[in-house]
Structure formats: structure tokens, C-alpha cells
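In this document, chain identifiers A, B, C, D, E, F, G and H correspond to the written order of the chains, with residue numbering beginning at 1 in each.
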Amino acid sequence: MTQQQILKLFEAVQHGKLQPREAVERLKHLPFEDLGFAKLDHHRLLRQGMPETVYAPGKTPEQVAQIVRQMLKRSPNVLVTRANRVIAARIRRFAPSAVFHPLSGAIAIRRDRTLHGKGTVLVVSAGSSDIPVAEEALVTAELMGNPVAHLYDVGVAGIHRLLDNRESLTAARVIICVAGMEGALPSVVAGLVAAPVIAVPTSVGYGASFGGIAALLGMLNSCASNVAVVNIDNGFGAACFASMVNRL
Amino acid sequence: MTQQQILKLFEAVQHGKLQPREAVERLKHLPFEDLGFAKLDHHRLLRQGMPETVYAPGKTPEQVAQIVRQMLKRSPNVLVTRANRVIAARIRRFAPSAVFHPLSGAIAIRRDRTLHGKGTVLVVSAGSSDIPVAEEALVTAELMGNPVAHLYDVGVAGIHRLLDNRESLTAARVIICVAGMEGALPSVVAGLVAAPVIAVPTSVGYGASFGGIAALLGMLNSCASNVAVVNIDNGFGAACFASMVNRL
Amino acid sequence: MTQQQILKLFEAVQHGKLQPREAVERLKHLPFEDLGFAKLDHHRLLRQGMPETVYAPGKTPEQVAQIVRQMLKRSPNVLVTRANRVIAARIRRFAPSAVFHPLSGAIAIRRDRTLHGKGTVLVVSAGSSDIPVAEEALVTAELMGNPVAHLYDVGVAGIHRLLDNRESLTAARVIICVAGMEGALPSVVAGLVAAPVIAVPTSVGYGASFGGIAALLGMLNSCASNVAVVNIDNGFGAACFASMVNRL
Amino acid sequence: MTQQQILKLFEAVQHGKLQPREAVERLKHLPFEDLGFAKLDHHRLLRQGMPETVYAPGKTPEQVAQIVRQMLKRSPNVLVTRANRVIAARIRRFAPSAVFHPLSGAIAIRRDRTLHGKGTVLVVSAGSSDIPVAEEALVTAELMGNPVAHLYDVGVAGIHRLLDNRESLTAARVIICVAGMEGALPSVVAGLVAAPVIAVPTSVGYGASFGGIAALLGMLNSCASNVAVVNIDNGFGAACFASMVNRL
Amino acid sequence: MTQQQILKLFEAVQHGKLQPREAVERLKHLPFEDLGFAKLDHHRLLRQGMPETVYAPGKTPEQVAQIVRQMLKRSPNVLVTRANRVIAARIRRFAPSAVFHPLSGAIAIRRDRTLHGKGTVLVVSAGSSDIPVAEEALVTAELMGNPVAHLYDVGVAGIHRLLDNRESLTAARVIICVAGMEGALPSVVAGLVAAPVIAVPTSVGYGASFGGIAALLGMLNSCASNVAVVNIDNGFGAACFASMVNRL
Amino acid sequence: MTQQQILKLFEAVQHGKLQPREAVERLKHLPFEDLGFAKLDHHRLLRQGMPETVYAPGKTPEQVAQIVRQMLKRSPNVLVTRANRVIAARIRRFAPSAVFHPLSGAIAIRRDRTLHGKGTVLVVSAGSSDIPVAEEALVTAELMGNPVAHLYDVGVAGIHRLLDNRESLTAARVIICVAGMEGALPSVVAGLVAAPVIAVPTSVGYGASFGGIAALLGMLNSCASNVAVVNIDNGFGAACFASMVNRL
Amino acid sequence: MTQQQILKLFEAVQHGKLQPREAVERLKHLPFEDLGFAKLDHHRLLRQGMPETVYAPGKTPEQVAQIVRQMLKRSPNVLVTRANRVIAARIRRFAPSAVFHPLSGAIAIRRDRTLHGKGTVLVVSAGSSDIPVAEEALVTAELMGNPVAHLYDVGVAGIHRLLDNRESLTAARVIICVAGMEGALPSVVAGLVAAPVIAVPTSVGYGASFGGIAALLGMLNSCASNVAVVNIDNGFGAACFASMVNRL
Amino acid sequence: MTQQQILKLFEAVQHGKLQPREAVERLKHLPFEDLGFAKLDHHRLLRQGMPETVYAPGKTPEQVAQIVRQMLKRSPNVLVTRANRVIAARIRRFAPSAVFHPLSGAIAIRRDRTLHGKGTVLVVSAGSSDIPVAEEALVTAELMGNPVAHLYDVGVAGIHRLLDNRESLTAARVIICVAGMEGALPSVVAGLVAAPVIAVPTSVGYGASFGGIAALLGMLNSCASNVAVVNIDNGFGAACFASMVNRL
């Protein structure tokens, strides 16, 4: 039932087909959104190319395939995160354009390639073992209609690698910065640009890295003021946030 | 605006005084509760003797007094928590019946003494230094219209003191159990009764008690299944929860 | 030996069949409960339909089966938690009415369907991955003789789903609220009802969810005062506590 | 020395006034930025109305005053954070337009009122004790040239207050969401809007709130994907990040 | 009422002065200990010279004095812990033999000097800042009737100081080992003796000592098997445990 | 080289067979213990029936067997901890008297059954899942020459079970108290006896038990003063400490 | 492009082959190091015998082999850490001199045996289960051109073993000290020498050792002032740091 | 007693003035160091200009003054850490050359200015609030006879400031790197030099910096391999370690 239907309710009363008391009663049982509350219009987002997403862990290939098949009916683009080769093969049977990204386990089906982001989303990462999380962010950002670029393996202990790529950094409209261990990269990057930097700690490291806590704390305590942080290993979330910013 | 007024809206349409489109527009700007959503009727609670509450820390005696004076206009009973003698004196100027409880710092104004709880709320505490939190629970529970009783200084290292009071324990309908240090009391109490036991860890202790964390963890891991836990030192919250249960 | 037997002891002394000194000696060696202490009458609980329970992890299917077989002799209803299909099949050989709930791994044998709870216990959960814990709570509450209902997948980031079900919420006498990640659901639910809300944090989530600690802390710090908390993933414990409240 | 001067270096070589070897040597000792590296042009930011900022704690009123006096020479707008009445009085002697915000301790000198943000930055907060942090965010965002609005005291345990203000929420371009205790507000707000939500945990609460850790963890684990987080009590940082986004 | 009185109860029944049913009823209301349960006979302990103890923090000098005065009526020896000079002066008015130990704040009144311990309790400590806790242990152990000795400032970074005192170490029957910082001393000491070593972590240190947690963990993980641990700064508890062992 | 040999060194000098300077040089290279330092005489302990011990995890059955075979040459009693059936079978080939305890994985070879402990070491445990750790303590204590007894499944939520066994408790000279979850048992037990109680937290539990931390903290914060604590799951260490106390 | 090429740039301008403006533009796109910044000359290090290193976990034997083969082209010495027998066999096919160290999993290819360290690097370890980490440090230090020695199984609970080796300790120029459990060894060792001691906590231990945190905290809080610490289990890092010191 | 005296012992035996048995007995009671064990010769260190040190907190100005006066008799250089102006004034009465450093509270008396370090110890710090710890390191290193230099306020968010000082960095023989907040500076610095870097986390920061833990974890997880770490705020310890390295 839509607001159109609420209008009809009033019209029915106007035309004497419905008593006011009955109308009030029907109104009380209307779903939330029909009453004009701020329910996010997910269909609008989907029409703009925002993908629907499946989190694969804990589901059989068959279950993932079924969910994806349903999603493809209403959404041109679909993303599966943390999947594997078997799932990808199963999906390609009915969606041959599905691309599997082996490091992150992401599967992207992109049938609508309209760009919605206004600038480039740059994904920067520190060590080679941070790449799976960085790749998840990159694939997600691209599927959400952003021009994307990446800059990998530019950890702070070899600061020259980062500085050699200063043009990529300043060219980006939004930066996603992925790092494990001490999580220092976002602070350095944020000091080199005037763009918002979304920091993603990774669970990479051993000993006192505590599964990403060291990196998380480092990023929360960044001495740069254009840094905000998402959860450990949450490349997907960083890309969602970046997309929302990049559409402004 | 109330549902009565929504009815009038429909009647206005019915009588041709308002166009349906205008009515929909007015409806969209109605406050949440007028549309029949589940907003808790705080006034009903107040009519039943539930007190309004002020948390005193960070407020001047004058500020607390002003708030209390306002509350007394709409609520017969008022509770101030974590206050002190100065605040109590200030309040007694216009509310001479206010009672100050020095251990917990609670100030209770009880003008409506109707009982709403169906049984006794018993407050049990372990050590003498847990009494401030226990007293906060006791005063709150009483002000909320519960018959109350207490049993203090029955720590588990002297189990006989607890067992000597077995009749009080079994007579209670709801038990609030306050303990610091190892937080073992709720497990022992819960094993002796068939009533729900609400456990309150206190920040009493030193060294590895970590401001109440040891007690909190002990209570969460209770081997008794009729124990639920509230936050550290939260005597007030335990009494609220107990009152809600005791009115069932 | 029961209090009846203590009476006989006095009668024996009365009739000169026993010397006072001997009687005192026998008394000193009586078990605890015979002396009138508050020992919970588990048999009474069982007669009222409270199930006996087996925690399956670490036991072979054969061991679980043997324990269940013993329990069925004295208790009409039996619950096995955290089991699997193999154990369920083994139990159905001698208890064909046993129902296996695959998400939670609970096995319920319910031969006595008397209702003991006075109202509905509603189990509310946030995300689809919280359902195993929610199901454990639901199955347990039902087996303990409560009318039950559930409301799943009503996480706070889509608040309209919760509000669309406002009638279920207000109809419940006791609410069990299961949530992982940020654990915010109990606060929102508690603000919509006047019933006690028992919060169960789940270990769902990744990164900084720390196996349920984030949700646990969120619930302990709830700004609503009708919330109490049980241990992480403890759907069983929440249902026990809810049952005890619902019988009041 | 600027790039202009590097040009002159080459011209000097071109004109035979300098030997190539000498030029290389001079080049090696040039400051970093002159060589074309990505050094953030702070002066450009200042020209656009970005304020310079002093963190007051640990400095005497005299010291703060001296620093502010210096800053006012090169920057039209200056912000002092975590100050007090005494410092404000000292500053007003030479900067009478300085406005002191007593809850947050912020002092704002705003001589350039150009708007740089493209939409409204809305500051939402949960409880009344979160207001100091919210105010710091609000004052900072305004001084950075953003149209601002605020919505206070809309905690999740009274969800209707939030929903009654649905128009303010959807009107904002960027939202800063400040909450202590369980930190659930950002998740609920983010589910109601399509804008980026910057979450600020506050150290408000007691017991197991652990000085804001409970709220921080809640926000990092938000089930909404348009949420990013800054450090505990960091209203200033949230406003900086929001400003950077709002200028995109 | 004592077991003597239970005997009289039976005799009353025997002599027909009391009906069995009445006797059972009286029995049910007897205190715990009268029924022969294991209640620790504190008076026996006191007769053997175990002191009664007052924990001074949070009490006024007057309150402490009153409690001590009461204790002196039933106990020859009294200990006040964590007190100060003012309290000591107040107590000396009526108990001139009270000795104040300024480092630990302990006040000892020792009117019964009988030795109950069978060997020497040696208190060993690492750094000079551990001495307050060591002194509390020493004073307590002495007041409990143990021959005592101490060995201070023998931290592991100067292992020769410890080895130079090897005779004191091997002469002790029970050792209390007090250390902050890395808490390594108990492991080294325990490797040099065949006596039980009671380890007391202190909150001495800064940075990552976390108020004694580093020392506590070090002691719990001791590679020596004759070490057991008490709470941080708990010199009193260590002496109690040592006394109980030394009386065996 | 023994002190006997140092004596010979002096005699050689006395008899002119060695120059003083040479003697000093030889002395400087003597091993530590020969110089009279407090090196624990392990052989003396072994002669008294203290077993040698192998920690099995990380070793092949063959490796464990070889080590045990070596130990049997110099020690009548040998203990293997955390082993399994395969290792036990391998050892029984050459030590047919080896007894395997399946719950704890302990293998005990006891060829010398002399009693060295002066009283009974009682092992008390809370839940059935604590028994592996309790069994390790029991087997170890017995092998070290202590008369032992045990009291299992006497958790604090059913306090009557503990009280029904009050005679066992008061008969023990040293008590080892094993408990997981909230770790409350040692406090209750210690309040019932005048013996030293050695508390062993176990890693039993789930959710917020944190692998035994909850129990560990509970025990460290015990309100009873005759409790000392060893590491989580360290049944072996508790038995060593108890043995050392029981030989005093 | 090298500084030589910058010189040519100036010469081209000098000779009129290039316009100053063009030269500036080329300069702006030069890589970082060419402009004279402090980029570490890794080739120089390699020429001095510093090995290149592969961290094996997460890579297939084939992948490790390929990387090693590449490294051998530019570096005489190559180290693989945390590998296994299969990887070692695969590498020996083309590098028969590769030595596999089974405890640490290190594979060392050492074709250049020049010594670069000026004294001996001594690796000291506490328990036998610390040896894998100690071996990683030893192999790494040797491959980096240091004379090495080791002293294993000298835990602090048997202090004589350490003291018996006092000559090895004082002979070392740099000491790496590896210990798990309470992590006390570095403090004791550092007190016996005037050399820098690099402490490596290991994840050895159980219960409250928390995967090495207890040892880490112990070492950070060392009462000796010649101790610095690296990450848990980081034998490789300790050897790198030691090598850098030993070349001074 | 020295080894000279041991020689005399043998000579006495040689000359028949002492019986071998008596000599052995005297030997057994000799202090540790006389027997040739590795006792650090502190006097040798002092002769080389190593200062004696007093930690001022918890001592009265008079107490500090007395200790310093004693130290000056045997040591040319004396350091007082964490002192204040009052203590400095008190010391200057008898040691007019004492220099007070107000930021760190260090007081340095330097009467012997011999240089013992072979190169420069450079102290680098991130933010202005890290300077107190950096100053403590600088003053200590200088007093220990090292040529020193410092480079303050070169935090990683403004990487150009660090790079502009590349010559200072490469000129240092040992670097002490002080940083709070995210603790990223040591990683960046270590990547720019071939010298050992000693990292000092500071307790600077708020919110999730947790009194320096964030910085500590960042440093322990540094991706650079020439970094070792000391305790939070331990500028003194870092300088001691650096001095020991710089004398190699």
C-alpha cells in the first residue's frame, strides 16, 4: 500500500464509502513506510546501479546460487563476498558474465556499467597480505559505479614508494586505505591529500597485532583529521561508505 | 494531536471541509505516536506511581532542585540518584518530605504510596561496601511501589549467614543480588530459590577486580540458569527491571 | 530422609525408643535438605513440565542417547542442546517424537504439553545469523511450557521492519532479544514496550566484534531500564530466565 | 624557495651562471615540497576559511592567548577546543567577537563567514550528556564554513523522538552522530538516510561502558554500511572529516 | 542456641514437655551452625591469637577507633590496614601499645605474643617501591603469631643480591614474595628453595605494567611449580594464607 | 664436582701439590652449585618419591616413551601429563604398571608408594566438565605421596551438595579447588574450613568466560583470605604446591 | 634514472638542448630517490651479505621456489622463514646447499660467508618449547654475517644453569633473549651483562599466558635498563635488529 | 672480600694457618661476586661517566636532595627524573650546576663531560605533547656521554617535515623515536635509515589511545625490521639502551 492508497482512503471517506472510524482503524494497521516515514528507497538505489550483496560464508554453493538468481531478477548488478571457485563456477552456469576475484573471494556480476560516482575512488594498501581486503574494496567500489584505481604495496617503511605515486593520490576524490600490522598508512596518506580517507584495518600480522586490533587502534588515533575508520577487514563496508560520499 | 484528532481529520473530509490531498499532507507531518505506533505511554506509568528520576552528578544543587520542582508537578514520586546532603537540603525547602539516603546518595520523594508490585522485592548484598549500590536498588524499588526487604552482608565466604536467612530468600518474588569482588553471591542465591535473580556487579574491590569486571564476568558465567545481569553499580537499573517483573 | 522422618525421630524419642543423645548424633549426619534448608525441589519443577537438559558437545551420540533415556524415565520433557543430525537419529530410535531443530542443534522431546507460562514469550532477533541462538531460546521456552512467538530479521538499521510489527511486541509478556554485531536491538525494543526484555548477545560478527563482546557491552550499557543481560550465545539461559518470570 | 626558484636554477645554468654540478648539489638540499611532492597547501585551506585550531588543555590562559593572537594574523577564523571561561575572557580582550560555548569549552572566532560546504551538516546526539561532544562537532563544522543543524536527545530507547524528526534527517548532506553508552544511534540513523554517517563514540556512561569502548565497538560493528567511525569524544575530528566530505 | 540446646529439645520431647511436631518446627528455625554444619569457629581462631582486622579506607578516624575499641573486647590482637597517622594517633588514646607502620599504613595492636607458626615466614621483595605491600604482609604475619624475617630490594636484575642471601631463603618455612613490574622474582626464588612461595604482584610500575597486571600474569605463568598467587597489592591476604600454612 | 672435591682442592694446596693461584683459577670455573649456593637438590626430592614429569603435547609417542624410559632409571615414580591412549599403550610395553587416566590424559607409574604428605589432599570440583583438570591434580598429588580424596560436582548453584559433604571438607589438611565459569567455589569452600585452599580456574565455559579468565578473576578476588591461585587449567601445578605444603 | 641523469638534465639545459620550463616539468615526475632523498640502498645491504627473505605461510611450495629462484639472481644469501620439509625439498632441487632447520622451519641458503658483525650474537632461551623461535633468531643472525652462539634451556627457575654459563654471557656483544611464560629471563640476563639485550616473547604457555602477552608485558616492564623488546615470536626481527647493532 | 682474599685463603691453607675444612666453610659464606660470578661492575660504569639516577615521584624534596648528595660523593654525574622546580631549587643549594629541564622534569648534574658514545644519538618525536618524554631521553643520553641531536614535531601526517630533515636522520648512529597516538613514526623513520631505531610509545592521546597502548602495539607491529620497543613513556630506558649500543 502506498501514499496513493492513503489518498484513496480519504477519497473513500469523502465519497461516503467509508466511515471515519473505520478509516482510522485501517490507518493504524498500515505498514510503517506508507505513513510517510523515512524508509530508505532501496529500489531507487538499485535503479542507480547499487548492487545487491550476498555474504557467502556458511552457505552451500547451491544456496548462494539460488539467492543470486533471485537477486538478478530485480537488480542488474550483484556482488557475492568471501566466496570461492566452486561457488563461482556454479553461478557462471546461469550468469556467464560473473567475474571471480580469487584473492578476496568476491564474485561480481555487472550488467549495468553506468557511472554514478563523480570522481575516482583510490584503494591504497600497505603490504601484499592486505591485498585480499583491498581487492574486496576495489571490486565493490567498481560494481557500485565508481571509477576506481589502486596503489598496492606502499607500506610506510618504504615511504618512497608512496611518494613516487603522489599524482595518483592527489587525483583521487575519495581514498580507501587498507593496512594491517601498525596501521600507519592512513595517517601518512591523509597528510598528503585534501580528500577524505577511509581507513580499513586488516587482521594481517602476528603476535601483538591481535587480529587487527593494533591496526584498528592506530587508525582511530590517527593524528590526521581527514581519517574515519571502519571495522577490521571490512573492505566491503569501506567501499559502500566511499560510494555514498562519491555520489555527493 | 491525538488519534481523536485523526478521526476529526477524516470527519472534515467526510463533511467536505477538507480535500483528501490536503488531509494526506497533514497526516505526513503528524508526530510518530499519533499514528498509532508503539510509543510507551509514560503518563500511564507515572499515574501508576513510577517515579521520575534525576541523575545528580554534573549538576548544581540549584539545577537539580529546578528539575525536581518541575517533575513534582506531573509526578507524585520523584527520585534523585547519586546526590548529596547539600542537594537534599536544597530540595527539602520546597519538598519537606524528601528523604535522603546517605550511603547511596539517593533522595526519595514519595507522595503516592500505592503498591503496584505483587510480591516482595528482596535486595541481597555480599559485603558492607556493596551496601551503597544495594541501597540505591532498595530505595528505587520501594519508590516504584514494591514491598521490599533486604539481607545485607551475606557473602559466600560465610555461607551460614545466607542459609540462616533461608526464609527471607524463599519468601521473595524477585531477588536483586548485589556483589563485588568475585561476584559469586547470585549463583549461590539462585541455587536456593525458584525466583528470578537480577545480579548487580559492584566496582568494589582492588587489584584484579578491575572496577567490577571480575564480578560482572562471574555473574555472566553463573552456573545457575535463573540469573540475568545489569551493568556494574547499576542498582537503579536492577530495581527498574525488578519492578517491571514484579508487576506481571 | 524427609522432614517426615525427622518427625519420626522425635516420636521415637517421645516413645522412649531412642535416647536424646543418639537422636542429636543422627541429626548431625542428616543431609542438608532434610533439615529444612532451602533446597530447590527439582522434582516439583519437573512435575510442572520443566525439561531436563543435556549439553551435547563433547559427548558421543551413544552417550547422549543413554543420558536421554535415563531422563525420560523421570521427566516427560527432555531437551538436548547443541546436538546434530546423527544424535537426533540415534535418539529417535527410542523416542520417535523427538524433534530436531537444525539451526540451533536443539532436540526437543515434548510429551507433556501443559502450559505453565501466563503470557507469550516473544523471541526477537536482529540478523539472519543470529537465528541459531534465537531458535535455541524459542525451542527451550516452548518446551518449558510457554506460549511462544518470534520476530526475526528486524535489525535496527531497518527500523521500519521492527515498527511494522509493533503489535507482536506489545502483545508479549516477556521478550527475549537476540543480537550480535553492535547489540543495539534490545535498547530499541525495550523503548517500545513495558515488558521485561532479556538481552542475548551473539558471537556473530567479525573484526572488532570480538566474538560477541561488542554486543555484550552494548546490551549492558543499554539506555533502556527494562533490559537485563545473559551470557554470549546463551539462548538456553535466556529462555530459563524468561520462563521463571512468565510463571510469576 | 618555490618551483619558480627551481626554474631560475635551470635558467642560471642555461645562462651559464651556474655549473650543472653545483645545481645538482643545491637541488639535493631543497626542501621537500619545492620538488613537487604532494605537500598539502595549508594556506590554500586557510584562504578558504578553514580555521586554525588550538587544543587548550595543558596550556595557561596566557599561552593560549599568545598562540591565538599569532594565528589571527594569518587566518580569519580560529578555534580553541576544550577551553574554559577564563581563557575565553583573556581572548576577548583582543578578539571581542570570540564566542565561548560552555558545554564543550570551544571558543570560536569567526571573521570570515563564507560558506564552503555544499549542504547541511547535521549533528545528532543520543543523551543529554553527549551534548558537549556534539557541541564541539557543531561549532567546528560551522566555523569550517558549513551550514549546520542539530538534533539532540534522540536516543534509541525512545525511537519516536528520532522518527518525529525524519525531515531533518533526510535533509542533511552529511550526518555526525554522537552517542555514548551502547552507541546504537548511528546504526538506526544510517538506516533511515542515504547520506554518509560519521559516528562519534563518547566516554559517557559508567560500569562496563569503559570510557567509551562499548560505544566505539558498537559503532564499528554497525550493521549499516554507510557508517564510519572516529575516536572516542573526537567531535572535532568528526567535523573535520564531515567538512572535507561536504566540500566535495 | 547450641547443640546443647538441641539436646534439650530432644529431652523436652522425651519428658513429654514438647510435642514432636512443635520440636520439628523449632528445629526448622534454628540457625545454621546449631545444626552441626561446618561453620568456621572464629572464636577459636581468635583464642589462638589471630587478629581481627579493619580496612581503614572510606572510614573516618572516629569510625575506625570505635570499631577497634569493640574488637579489643573480644580479641587480644587487632590489625588496621591502609590507615594513616591521624587514625593511629586517635587509636593510641585508648590503646597506647598500637604501633603505626608508615609505609604500609598498618596499625598493629599486639597484646598476645604467643607464637603459633611452626617456622619462619620470610617476606622477600623486589624494588624499594614494593616495600609498602611487603610491610603489610610482614606486619600481618607477625601479628598472626609467626616468626618473621624480611629480605628487601633483591630484584632479579641484580641476581647477586638474592644469591648473597641464600641462607635466609633456605631457612624459611614459607616465603611471601612481593614484586611489581615484570613480577619475575617469585620464579627465581622458588627455584632456589623447597618451600611454598606465595607471590604478591604489586601495582608498582608505569606504562604497560597496567597497575600490576604485568606482574600478576608473570606470576601466574611462573615456570616454577611451588608458586601460588594472590591478588594485586594483597599483602594482607598473602600473610593470612602463609599463616594458615605455617600452622600446619 | 662436589664440595668434597673443593675440600680436596684445599688439601692439595695444603700438601703443596697445587699452587694457591692455580687453585683460585680452578675455583672460578666451578659450576654454580659446587660453590655452596642454594641449588635445589632434585635428587633428594626424587629419593623422597617426587615423580619426574613429561608434558606430552607436541611429542610423538616414541619420543615420550624414550624420555620416560630414561626417567625410570633414576626415579621410581614418573608422571606423563596431557597424553593419550596411544602413548599409554606404547609406555606399557616396558612399564606394564603404568596407569592411564583418560579424562585428564595423565599416565602414572608408581613404583614407590611411600607416603610423604602428613594429611589428606582433597580435590574439590564444581562441574562435570572441570573433572579433567581435577583428575590431573588428583593423580599428581597421589603420585607425590599424598593421601588423597575427591569431591566432584559440588557447584555453588546447588550449595546443599557441598554442605552434605562437610565432613570430607573439614578432614582435609590441604584443599585443591577446581572450578570454571564464575569460579565461585573456592570462596565458599574456604569459608567452611581452616585449611589452605589452592584455587585452579578452568577454561570450561563459553561466551564471556574467555577461556577461564572469568574464573581466574573470581578466584583472585575471593573474599576469603585462605585462598591462593594457580594458572588456568594447571591441575599439575596445584598438586605440586599442595604437596609442598602437605610435607611441612 | 639516477642523480647522474639529473646532472645530464642540467647539462642539456646548459647546452641549450632543453628549455628550463621543460626541465622543471621532467624533474617533477622523477621518482623519489633520484631527487636525493633518503632512500635506503637495499642493494648496498645485499652486497654486504644481508639476505633476502621469504615468509612462507600462505604460499605453495612452487610459489616459494619461484620467489627464491628470483632472489638468488641478485642476492648471494636467501632466507625462507616458517617453511617445512616439502618446501625445503623443492628448493634443494635448484639450490642444493639450502639447509632446512626443522624446529623453526627456516631454510637458509648461504653462498656468501663474509662476516659483517663485529662480535658474537648470543641467543639465550628459557624453555625447550622456546627453541623454535630461538632457532629462527640464530639462523637469521648467522645468515646476516654474525658470529653466533646459543645457550638454551636456562630458565630462571633453575638460576644455576644460567650462572654456570656466565662466560658465554659476558663474551657476547649483543644478546637475543627468548622466553615465554613469565618472560623473566631478559631481566636476569640483562643484570649480568653490560651488552644490549633484545627480548623476544614467545607464545609458549597456556592459561593466562594469553599467547605471549604475559611474557611481552614482563619484558616491557623489565627492571633492567638494557632491554628492548620485539613482537611475540619475532625471532627474525630480533636477529635483524641485533645485526644492525652488531655492525656498528 | 675480593678474589685477592680467596687467594689469601688458599695461601693460609698452604702455610698451614688454616685447615681445609675450615676454608671450605668460609668459602661457602662468601658473597656471590667474590666467587667470580658475572656481577656487573657498576663502579666501572660510573667511572666511565654513567650517571646515578633518582626517580623523584613519591619522595619529598628533602629526601631527593639527601639521595643526590650521597650520589655525588661517588659519581660525577647524577640524574633526577620526573622532578619539579622545588626539588631543583633544593638541589641547586649544594649543586649549583644542576640544570632543570621543565618539560620532562629532569634535573641533570654533569661534572664529567667525557664522551663515551661513538656517534650521535638522535631523538625524534612526533607531536608537541611527546616532547616531555623526548626531552627525558635527550637529557639522559647526553648525561651518559653521547653526542646528541633532536628532531621534534615531525609527525607522519606531515611527512614532508621528516623528509626535509633527511640529513639529520642518516647522520645518526642510533635513533630514539618517541610517538603517541598511532605510534607510526618509528616505522617511517626506520625505513629511511640503516641505524637501529628504539621506539618509545607515549601516553599522549585520548579516547582509544588507552594511555599509550595504541602506540605501543603500533610499534611492536612495525613493518620495519630495525625497530625495538621500550615501555610506554620510558624515555630514560630508551636512552640507557641507546647508550649501551652507542658504546659498542
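Here is the rule we go by: a residue touches a chain if its C-beta (ideal position, glycine included) is under 8 Å from a C-beta of that chain, and two chains touch if they have at least 3 such contacts.
For clarity, every value in this text was computed on a predicted model and none was experimentally measured.
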Ask   = Of the pairs G-H, D-H or A-B, which has an interface that repeats that of A-C (more than half of the contact pairs shared)?
value = D-H
Task = By the contact definition above, name the pair with the higher C-beta contact count: A-D or D-G.
result = A-D
Task = Please work out the Cα centroid separation of subunit D and subunit E, and write it as a whole number of Å.
result = 55
Inquiry  = Centroid from C-alpha atoms only, then distance subunit F to subunit G, rounded to Å. What do you get?
reply    = 39
Request  = Give me the residues of subunit G that touch two or more other chains.
outcome  = 37, 39-40, 158, 163, 191-192, 207-209, 213, 216, 220-221, 231-232
Task = Could you please specify the touching residues of subunit E with respect to subunit C in the complex?
result = 3, 6-7, 10-11, 13-14, 16, 19-21, 23-24, 27-28, 35-36
Ask   = So in the complex, which bits of subunit C are touching subunit D?
value = 126-127, 155-159, 163, 180-184, 187-188, 190-192, 205, 207-210, 213-215, 217-224
Request  = Going by the contact rule at the top, pick out the subunit G residues touching subunit F in the complex.
outcome  = 129, 158, 160-161, 163-164, 206-209
Task = Spell out the residues on subunit E that touch subunit B in their complex, using ranges where they run on.
result = 29, 31-33, 37, 39-40, 58, 201, 203, 212-213, 216, 231-234
Key: Interface residues, subunit A side, partner subunit D - complex   = 37-40, 45, 118-119, 163, 166, 169-170, 173-174, 191-196, 198, 216, 220-221, 225-232, 236-238, 240-241, 244-246, 248
